[in-house]
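Quick heads-up: structures coming right below.
Look for chain A in each of the two complexes below; its partner is chain B in the first and chain C in the second.
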Partner chain A sequence: MKITEELMPCLQGAIPSQIVTVNEDNIPNTTIISQVFPADDEHVAISNQFFSKTFQNLQNNKKACVQVFDPSDLSFWTLDLEMVRIEDEGDLFDEMSMQLEAIASMSGMEDVFVLKSAYILKVLNFHHVTEAMDL
Partner chain B sequence: MSNQQPVDNREEIKSQIVENEKIIHQLNSQLVRRTSEINIIQSISDEIINSLDLDKIFSRSMELLDSVFGFNHSMILLKKENEDALTVVASIGYDDKGIGAEVKFGQGTIGVVAKNKRILRMSGILSKRRYISKQSNNEDRKLPGLPNADSQIAIPLIVHQRLIGVYSVESEQINAYKAIDEIILNLVAKQIATAIDNAKAYETQRKLTEMYSRFVPMEIMKLVGYDSILQARLADQSEREVTILFVDIRNFTGISEKMSPEQNFQFLNSYLSFLAPTIINNKGFIDKYIGDAIMAIFPENPGDALSAGLEMRKKLDLFNKLHVEEDLEEIRIGIGIHTGKLMVGIIGFDNRMEGTVIGDSVNTASRIEGLTKEYNCCILASESTVTGCDNKEKFNFKFMDEVQVKGKEQKIKVYSVS
Partner chain C sequence: MNKEEFVDHKSGKMSMSMGTCDLEKNPTFSRVWGVHFSDASRAFLKVILPEKISQKPLAHLAINKNVSITVGDMIQFKTNQYKGVVEAIEQSTPEEIAIAKESRDNSTDTLVQFFGEVGNNWSKYTMDSGLTLTIKITEVYDQTPGKMAGVRLL
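Now for the complex of A and B:
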């Protein structure tokens, strides 16, 4: 599904997002990730630093769900995702890597916070959470 | 039911038309805004690209980006030479301008941009920092800029694939910058980088020319008719009437034998620093140093050379006084002055050229200087200098002799000057 313009403010990493994945026994796991990056019209990317359970889960079950926050109107959106590939080089990886490096270096943690890889996920569907509640 | 359908359709079409008109209007106003933005970028470019003044380039580009695009906290950092670090050279919108503050490559948004030579747009810096701070005991690094910046764009300033600096804008708002801001800043940054590079190249050129003029007197270049050393071509020359002054230390060989090479150099430089200003103060210039001798040219009136000679004698007394205090031998000098025609020009071969004066008059002046020993006087001048002098009343001339100078057929009258 195409990512629309109204979703863009949520994908700047202003507020950390939550991601949910499931393991082989369908037990859900949720964690906080600092940014869901827009990769292209139909894909987003998340950074693999050390959320080992999330990434372990994604090896088994490629489906994931994230909730992102729009700071301009304080509303939430949920995105249904499916992992398509892992990147450890290229423009997108470099940009995500630089973002992490910049933030980490502000606290002298540039050696600890290193981007291992970028997980590219296809956007299957998205909902504005307030609308979903109305239904 | 059946006749209601078309009504609904009409309503739908109507609202669709209204909606479309809205969109067209919106697009049009966006287009107008974009066009004016592009015009402004163009005018910034024209203005800064034509400036060779670095401070003006910095202040104008930041002011325009502030007033037109609302980038109200921005700073320019330049790369330090031979070091992976940047220093703040200009800023706008900060209480503390932070000029001179340093950012190492890899530190913060600016340092990471410098290291990777890639633009970086950041949002939600504060919450991301809080997230990382939870995992670390390290204290936050103090970097120049807003203490609570939440959005930032840093752009590398690159010329010919070489990083020369970073331009940074920041805001306390959470999602202050969009993709379009990146595009605008990218365009402007390219112009700023080129302008800075031009201004720096110009400055280097100016310094080089200035340095060069210490080795090759600019005055010679002017006598040949050049404005700059860059115009110098081998064999360019012009004939001029000038006054030549030779000054030499009489007993230098004896003195120098008693000194180490290092002491010799110190002694000579100190001596020359006493005498050289008298030449410049009297509208002359130093053509060359020949060991302990100075050859100076006075392009205007011969009286200038005579005044310089008298001043030299005074300066020498002072020099000797200081040296006697240090238990050094007193020195005596001889000054020979002659006025005559000379060729001023460029001699040499390809990669080693020199601007110099050549002609009989140079030899004559040098020979006259040699005669000061024989006649036991400090300053000797030829007749041509004495007669050509505009302000004769300032000097006492005493006819000494009519001499046959080596290598010259005609005899020359020489006068002692005091």
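Now for the complex of A and C:
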């Protein structure tokens, strides 16, 4: 599914996002992520800094869901995703690494936020959860 | 780690999310509010799920009662993850809705500090009616950014 213009502000790293994956026993795993980055018009990349369990789950089950926020009104979107590949070098990795440095600098986490790899996921579907708010 | 050291989510400035999934391993997120321990032994969590966004998580919970809740302190980044099994789903009482609104309003103040006027939009998240999930905690993890991230606490 193509990423639309209205979704793009949510992918600028202004507000931390969350990801949920599932293990082999159908137990979900949620965690906070610093970046959901537009890789191209059908894929996003998420930053792997710590999350070994998310990585393990994605090896066994490629499905994931992320929640991202629109910084203009704080409404949120959910994106259904499917894992495609991992990158640990190249232009996309370098671009994400630079953005993560900026995020880390703003939050005083320079020594903690270091990009290990970028997970590239195909966007299957997305939903603006407008029913959650009275905007 | 002593259970008493777990973050108090009831009145803090927290971001709270719940993950559920079906048996085909399709996950989804729900924004929840008012996550709090419901007993003195801290063996159970109560979570308020706004009814307006409950359709998909309820469909998941009808066939798979496993959940994961991540609760993050918006200022200090201290984050915990609770895994557990939903034991009851009931209509929220007025007292539980008040807890949910308190958690929303406290986090609204924090977002105003970070984002200015638009932060007030956080208070527009509706929770006039909600469902209260009682969750038996099975595992607790530290998810605070840093060396402790991923460490099992319970």
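FYI, the second predicted complex is superposed on the first by the 117 of 135 C-alpha atoms of A that agree within 3 Å, B and C clash if a C-alpha of one lies under 4 Å from a C-alpha of the other, contacts with A are read in each partner's own complex, and residues count from 1 in each chain.
Quick note on the criterion: a contact is a pair of C-beta atoms (placed from the backbone, for glycine too) under 8 Å apart; a residue touches a chain by one contact, two chains touch by 3 or more.
None of these values were measured; they are calculated from a predicted model.
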Partner chain(s) touched by A:20 [first = chain B, second = chain C, both, neither]: second
Which of chain B and chain C A:92 touches, first, second, both or neither: neither
First (chain B), second (chain C), both or neither touched by A:31: second
Touched partner set for A:61, first chain B, second chain C, both or neither: second
More chain A residues in contact [chain B versus chain C]: C
Touching partner for A:72 - first (chain B), second (chain C), both, neither: both
Contacts on chain A seen with chain B and repeated with chain C across the two complexes: 16, 32, 71-72, 107, 109, 112-113
Residue numbers on chain A that touch chain B, as the complex places them: 8-9, 12-16, 32, 34-35, 71-72, 94-95, 98-99, 101-110, 112-113
Footprint of chain C on chain A - complex, ascending: 16, 18, 20-22, 25-32, 49-53, 61, 63-67, 71-76, 78, 80, 107, 109, 112-113, 129, 131-135
Chain B to chain A touching residues, read off their complex: 106-109, 111-113, 116, 118, 120, 122-125, 127-129, 131-133, 135-136, 138-141, 143, 150, 174-175, 178
In the complex with chain A, residue positions of chain C that touch it: 15, 17-21, 23, 25-29, 31, 50, 52-53, 64, 66-70, 72, 77, 79, 81, 83, 111, 115, 118-119, 121-122, 124-126, 143, 145-146, 149-150
